[in-house]
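Dropping the structures in below, format is structure tokens.
Look for chain A in each of the two complexes below; its partner is chain B in the first and chain C in the second.
Moving on to the complex of A and B:
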């Protein structure tokens, strides 16, 4: 047995000994984090009478405390029926959300990718300053940008137009930051080689940059989707007419007395988000990895 | 001739940046400069009023309250999030089941704020499920005093609830980031140190901690970003005028916006951006000094 083997055996032993406690703690944390989410599917299929009975203390109609059945005793699809068949307004709002999110993501790709590429691949005067500016802009909370954006939207006559929500989001600097971090994983030598072979800058961007930096791009898209699928403050501030609202503003209007119905809406809102999440999780994890590690 | 050629070449490269930058100018920078200008004017007749708007902000009681609350929230929330997620990442990093746990912890990211708020209200209402559980526990032990039920959102507990929901939503995100930073550390150094008899504490203090300084900066920045975003849940669960411990600067800005008090709002906008800018610059400088 050589030294390396001895060492590796030693290390393996150590790992095994630790893992029970660590697994237990991690399992507990993951369980606590997921527990509230387990309430949602149950609630969506629960009979209204059952919900009323469980939640009557919260609704102000009884003593004692609210309880919750994770598995409904009287399951029903009533809420989904009411939502999907009985409320045409739901579809309007649903497609508003889809349209808004789609437009924002498409815009971020078209505008953000070349910007991120410029920061990652080129050295130009003022690059560091400009990038610093992008980072500060990315950190500003929406409420700080509320007045500036209100002013510009008024000037451009976009107030209360869906573009009032879409355009500022398209030029958001956060996706640029993430895409940039994805692009910085590419070796600059590869680009130099491509240049020496006579590739144009556009060709390098399209055929070298985009494929090699795609994990960062996909991570940015997943993060953006999760963000804009649940947009609340922007449409509240800039969209006056309810017909333009996204679904995320419809949900808060539902009173807790309609909890079952609200849970059904939640499930419908949650499904696309989970779908994107499942599809993009690899990219998300790897993309976030790029953010975390400085190269 | 050569200079001209290089100039044109530069220009072509900057074309990549131009569309995005034009948009950033139109929707972020120029309106921001306009707000800076307006912060010195009175909105009605556009008369120059010097620092009046700033003075009005500083002498506003709600402003003082909001600054204090926001500072406390951030000073507790950001380090707490970073430490908890780092501890979890340290535990997770040698597990083979790492991925499953990480997926489970990331799940809250996908949950719409409104859904979370609904669940939260059922749990933490004065007659909600959490109080129900606490009451159940106290009943079992006769020696404990009778449980009265805590009205979480209308008492000092409000900030605790807000912190918990912030941690709940963002721990997974930060765990991934820490795991990324940890995986970038060279394994050989640690193994060598272990063979040489370094204990866990030494391993952490001399090898892992210094190696994570760059990651720490990024995670700190993103934690700040997320803590600003958590306003959404706070507002949705507690409204525009919540319990006074959770009245943040964002409430103030939003309420002034709704009341069309643009003078003071402009001044506050400028002040907050300045604070953020200074913090960013300081952090960056410190990072560069550390060589991260």
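Moving on to the complex of A and C:
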């Protein structure tokens, strides 16, 4: 074995060692990040007395540090019973969220899809400027847009109306950007061929664009769902009446003395998000890829 | 989604069924009509006493406190055998005393008669003696007159004159002697009369002393008369077979007598007759005092009777933190009653906010629950809010309240089927 081979073997061994180290660090960080998530199921089935006992230092009723049992010693379904049977308010907010999220996603499909298709399939004057404006709007944080949106909604007499949350979200530019990225994956030759075959623009959009760009659309919908299912700031800012609130504002109504109940709420709230994530995981990954891809 | 829809429906049903159902009403302007009901006692002020027959043995008590009696009702019976013995003893004592007194009286009378007889004899003897001397004096006076007619002539010898003069001297001397004897007999008579009179007076004094002793004993102790009265009464009692009867109708108030007890001369029973005055007396608290005043007309009813009267409060006296209310009853009212109830009714001024009593809650103080609409997660719901109020007046049914935040259009919760708490969501019936 010559020197070059020896160096090569050493480098490989070092890389392998580094790889194990990196994996270990990643797992450790992943565990730390997921720790709150891991506490939720245990807390949801934990007896209130057990929660009080463990969280007594946090609640100011004891000394030392709070501890946690990932598997409850005295498991109970009391919190779920209270939530699912005795809390109609939860369902009210659940259906508010379903309606709000559904309306937003539908609106984004109606408004965003043609926009994204237009940006992707047509060349027109000012397209780049307009798309740049979309990107800038996408990058603006909500806090920047809060006051202008508030003024506009007041003028439109939409303040404290669910439309105050739905309409700005419908015209959000982020889904347009994701869907645009999806549509740009379609070769222009395919579209040209369709035109040569006599297809109209609407036919090309419906029969060529949508099927071929579905991954982008699905990614946009999944991301939008996850965002708007957990929407907090906008409802808090624009919805005065609790009856219009989404489910994401239900948890802030609970204090630390209802920790077990709050864990149960978290579990139930998490289920639709996990379900949607599972269904659209491949599209979501591809959509995220689109975000980082420059055409 | 279908599951969530179903669960939504179920949770709504459960939620609504758990909500308290309430009734409400607006506070109204009204007055509070207070009614005070207080129990009290009926007391007889001037009751009659039945005194015991001293020394007799009670065989049976025939009446009890609270019992109505008529004239002739047997109150109690004495042991007739014992009565007979006691009566015999008493009569013997009386006879001994009578014998003693009669003997003393007889001796005194004899002494008086004897003194009188001595007096009369002495007076008669002296009178006879005076009469004899008077007769002799009259004879001497006649002799003197005769002798004066036998005056000798002027020329009669001296011997005649001397004899005549000697005779005259003798007659004059005899006259003087008779006069002296009469005067002496008068003196003697006077002396004897005085002495005999003293003897009579002494005898009378002795008799008076006896009578006086009898009189002073009678008046001071009264034993004799008492004994005689007792004998008369016991004889009468024996004729009645030992039964003591009521002399008039009335109500037995108190019986201090027991079978088998020998009585003293104290009262053994008290009863109220038709002429007896009665008072109703009750005790009220400091809070109740505000409702009653001297001179107020109150309604009285009596336990065990349908009799109801309106009377006036005569006095209210504070005693140990409470007040004693006294009402003099009209004659004949509450006969035979020992307990009663005083009812006082008063109407207050008109208060702005009067609510049913059951609407007043105690949540660390007087408060009411106000029904309000509340916008929550479930939309517009009915909820209750605790409002602290001041209690102005109250009766059994209503309370008058006041507070700066209270308005006439507030919905005050009056009734609920579950326990209420401040802020709780509710539904109406």
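Just so we're on the same page, the second predicted complex is superposed on the first by the 266 of 295 C-alpha atoms of A that agree within 3 Å, B and C clash if a C-alpha of one lies under 4 Å from a C-alpha of the other, contacts with A are read in each partner's own complex, and residues count from 1 in each chain.
Keep in mind that, in the parts below, contacts are C-beta pairs under 8 Å (C-beta built on N, C-alpha and C of every residue); 3 or more make two chains touch, one makes a residue touch a chain.
Keep in mind it's a predicted model, so treat the numbers as computed, not measured.
S.K.: Answer with clash or fit: chain B and chain C placed together on chain A by superposition.
M.R.: On the shared chain A, the partners fit.
S.K.: Output check: A:152 vs chain B and chain C. Expected answer is one of first, second, both, neither. What do you get?
M.R.: The first partner, chain B, only.
S.K.: Where does A:277 make contact in the superposed view: on chain B (first), on chain C (second), on both, or on neither?
M.R.: So A:277 only meets chain B here.
S.K.: Between the C-alpha centres of chain B and chain C, what angle is subtended at chain A's, in steps of 10°?
M.R.: Taking chain A as the apex, chain B and chain C sit 100 degrees apart.
S.K.: With both complexes superposed on chain A, which partner does A:136 reach: first (chain B), second (chain C), both or neither?
M.R.: Touch status of A:136: first partner only.
S.K.: Please work out whether A:242 is in contact with chain B alone, chain C alone, both, or neither, and reply first, second, both or neither.
M.R.: A:242 contacts chain C only, not chain B.
S.K.: Counting only touches as set out at the top, which of chain B and chain C does A:94 meet: first, second, both, neither?
M.R.: Only chain C is touched by A:94; chain B is not.
S.K.: Using the superposition on chain A described above, determine whether A:53 touches chain B (first), chain C (second), both, or neither.
M.R.: Touch status of A:53: no partner.
S.K.: Tell me the contact category for A:39 with respect to chain B and chain C: first, second, both or neither.
M.R.: So A:39 only meets chain B here.
S.K.: Hey, is it chain B or chain C that touches more of chain A?
M.R.: Residues of chain A touched, chain B against chain C: more for B.
S.K.: Looking at the superposed set of three chains, what is the minimum CA distance between chain B and chain C in Å?
M.R.: 18
S.K.: What part of chain C is in contact with chain A in the complex they form?
M.R.: Touch list, chain C to chain A: 1, 4, 7-8, 10-12, 14-15, 18, 375-380.
S.K.: Which residues of chain B touch chain A in their complex?
M.R.: 10, 12-17, 19-21, 23-24, 26-32, 34-35, 38, 88, 91-92, 94-97, 101-123, 125, 127-129, 131-132, 135, 149, 168, 171-173, 176-181, 183-184, 191, 194-195, 214-215, 218-219, 221-222, 224-225, 228-229, 231-232, 235-236, 249-250, 253-254, 257, 262, 265-266, 269, 272-273, 276-277, 280, 284, 292
S.K.: Which residues of chain A touch chain B once you look at their complex with the stated criterion?
M.R.: It is residues 7, 10-11, 14-15, 18-19, 22-23, 25-27, 29-31, 33-34, 36-37, 39-40, 55, 57-58, 62-68, 110-112, 114-115, 117-119, 122, 124, 130, 132-152, 167-168, 170-171, 173-174, 176, 201, 205, 226, 229-230, 232-233, 237, 248, 251-252, 256, 259, 262-263, 266, 269-270, 273-274, 276-277, 281, 284-285, 288-294 of chain A that touch chain B.
S.K.: Going by the contact rule set out above, which residues of chain A touch chain C in the complex?
M.R.: 84-95, 98, 241-243, 245, 250
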